[in-house]
């Protein structure tokens, strides 16, 4: 019974690319973490140590920096499409290139009520993400956000669940709901999209749906959010969520003669609930 | 065009379960991080907030701790099979349960040349992993190791690679090869396996193959390692690797009047190469 | 030659205290990580295992949660003073209590142009800090900020430095200056201070001074910032900075036929410069 | 009331220096993280942006790598003394140089029962540390270990402690005691010491004392350990400990019809107890 190479890919992960646009005195900054990879026919590198098909990961890194200059970074998606297309073009034996970009946001420092021309403070909080797959027959773009930490201090319950011999949890009528959301949405086309406007609109809708939806479970909140995004954006084919349930437990203050009607909580680290869900369109098959 | 729920699952992640066996004065310790999840028909929880099919993640956590007592932890795999089977049994609408276990190893503290009965020092280094999928029609077991940091100070080259306009890398005849290996191997059956003996044998073979194989690329080293494991263990159907290439760059000491024939390196953090490969048997389709 | 106990203290670190104020429909949130410790005469606990002087760290934790209800969290400083005073009062053999608070900021989620009543998004970025030392004879308050990541894309040089045989660095006329600032400022008194207003004013001044000061070294920028804070705030006795120099190296794009006039940088992880400086008043001795 | 510069220092943090000794076919590896800093008269750099006294942090880094070749790494302490002496010699306006080294241990990979010549696996677990302060009038050496994770599954109690209105903790007759120890010991002289032998002996004594001492509190264990080290090593002037109490809480399995006599625990992350203590000699003043 023979042994063979199965799925494989290789690339350069986490190049920290910072691009300053300084065409005028008012600078712009784009701060990216870029990972690239190639897949295709690289069997000989594995079985015979033959590198003749292999574009080095060092070259992939060089290309990532060069394209920040040559092509620029109008958006993570746009930059990733250009970079992935170049890597595929340069590597005849590859069948596809993947580029994953995290963008770290900066705000201008405020001086006398106005944003400074060339001084910035990192915004922190969520990270904007893009994943672009350039195949020989097309380009697939998935935009997203991660580390988006959300909390509702009321408007959340959890009750009526299945019980067994190991169930001790009580129904909760009013609890804190908190998560560090990762959402990724796949676009149905890769050209003619204003990626920055699309990102801003989806992000705002995710936030407002979370805020205004009464939650009978984190699952329901995610589905409602996904539904809202798909209804509002016909160019989005599918949206997926990874949502840790960041438990906030009500602290029992009765031993100290204090009541605690939803006021003092301990934020727990581990374990945590973990909910994953995709919302899609009827006719969609999940790609790839 | 309708909108519907796509793939989804939920569970409790990273319960820190510590089991002391104290039947005699010579205690044993098993130290686990346990994550469980269920998938199946949980649509109503998403679309209508109806939890009647949903075994709470809190119950999953309770079961993880109870089974550390009731069933014990002979091995991560054995414990995970028992736990996953129970979760599936308790949740009629689930079609499958997944249990992922990380095991953190401890050594006995040495006192007067012998291991102490009840005092331990954490071994550190690599983490043993197990992933068990209990479906209605069977059980699938994947064992593994992560954070296994390996280094060869010679016996590694990288040359003859594809070059393009963005290539500046020179051929390397003798370089440091280092990685923080993650390897996972899927067993072809789930019963009658001595999981602890199997783990020890695979781990030893991964290490010795890395040590003794001349490397013309990290890809070749991974393939050789996978091949060795499959050849020696007929019960293993497939093995996959995720291997960051932890670059060690030779430092140029010439400005200081010093030569540096492979003696002083800077260990870089980011970016890093990232190689992923699966080695499988001819007739195997990747499961699932 | 005898052996004795030297300096010692004990406490509970990193209690995650979340306080919701829900007196009206418009909730407020204060999200704190609280560490407390006691020092004093705890020799018997060390030498004889006698705990009769020791208020358990578990009790310290309970008190931290109870005081979030009983005293509330008008500001980290105010809460820490109350908590530290209580711990010292409860522990006759202690000579002092220290309370360290990190505050994690949240913004209201914007819905239809207005902040929502009870839904929040974590702001990320910098963390507000307070350290309060309650001694038998007085209270000392140090406010601060950490993880404040700042960057100037021009207006920074570094030249004219000392050179020796191991120096290869060239003068830089125009470079990126970036840091993840930690600043802590000690107040000369502990009562009658509007801690929230003081924090906001100092933070704004730190940011604007960084932005508007031409930098001939990170040291000069820190000193100018400290001077500006002390000049503007007579109630602040001293300010200290810990400032990693987060290097952004200009990428050489010449091999690819591209010039790079300050546009494309690689953000490095390690090693990094590390600058520490205190700015104080003439008559001040550093306390304690 | 004037404003002036207070305490300050600067340096290069976390250079990742890897030194291979390959004089024979049996290679040796020393893997270090090196941080250096200088203090002295650097006022002009702060107040006037004048760098003429300042040896760049880039030069400090170069020197760290060059000395790994030129001087070698017989031990972290020995290397740090040489490096700190050089930095002080090169910087006339400095009054002192500090070098902090973390050493990451590697084991030879075992092949056919013997350690391989040039293939290594990172040991993980604790990190050996050294801090050397080179002043104009002498050298001070502090050795240490961190991330040494220890656990006793019995032989530990905690009872008879002080109680107040916020105390809910019960006496514990038999609990798990676990910590991630950081210990640092200051030597009374800097020459004529076999640093590697000294480290090995202290580490072994810390471990065995932890194992064999019945613990009525973590404080007592630390003091006993420090006492044992000072009694056995007359060249050590003082030893300090930072010891988080890594709580392992007994899980209540009674709701599931199971008893739990010290067998199943949940390992908690936060909050944690934090004990700090120094053990010294009668006549010692803490230096500096």
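In order of appearance the chains are A, B, C and D, and numbering begins at 1 in each one.
Here is the rule we use: a contact is a pair of C-beta atoms (placed from the backbone, for glycine too) under 8 Å apart; a residue touches a chain by one contact, two chains touch by 3 or more.
Model, not experiment: these values are computed from the prediction.
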Count the smallest number of chain-to-chain hops linking subunit B with subunit D, moving only between touching chains.
1
Hey, what chains does subunit A share as contacts with subunit D?
B, C
When B-C is set beside C-D, which has more C-beta pairs in contact?
C-D
Of all other chains, the one whose Cα centre sits farthest from subunit D:
A
Cα centroid separation, subunit A vs subunit C, in Å, comes to 30
Gap in Å, rounded to a whole number, between the CA centres of subunit D and subunit C:
24
With chain centres defined as C-alpha means, what is the inter-centre distance between subunit B and subunit C in Å?
38
Residue numbers of subunit A (touch at least two other chains):
15-16, 62, 66, 165-166, 168, 255-256, 269-270
Sort out for me which residues of subunit B touch subunit D in the complex.
15-22, 27, 29, 31, 62, 65-66, 68-70, 106, 109-112, 116, 118-126, 147-155, 176, 204, 207-208, 210-212, 248, 251, 253, 255-256, 258, 260-269
Touching subunit D in the complex, subunit C uses residues 1-16, 35, 37, 42, 45-59, 61-63, 66, 90-91, 158-169, 215-217, 219-220, 222-223, 226-227, 230-231, 238, 240, 244-245, 270-284, 286
Residues on subunit B engaged by subunit C in the complex (per definition of touch)
165-166, 168, 255-256, 269-270
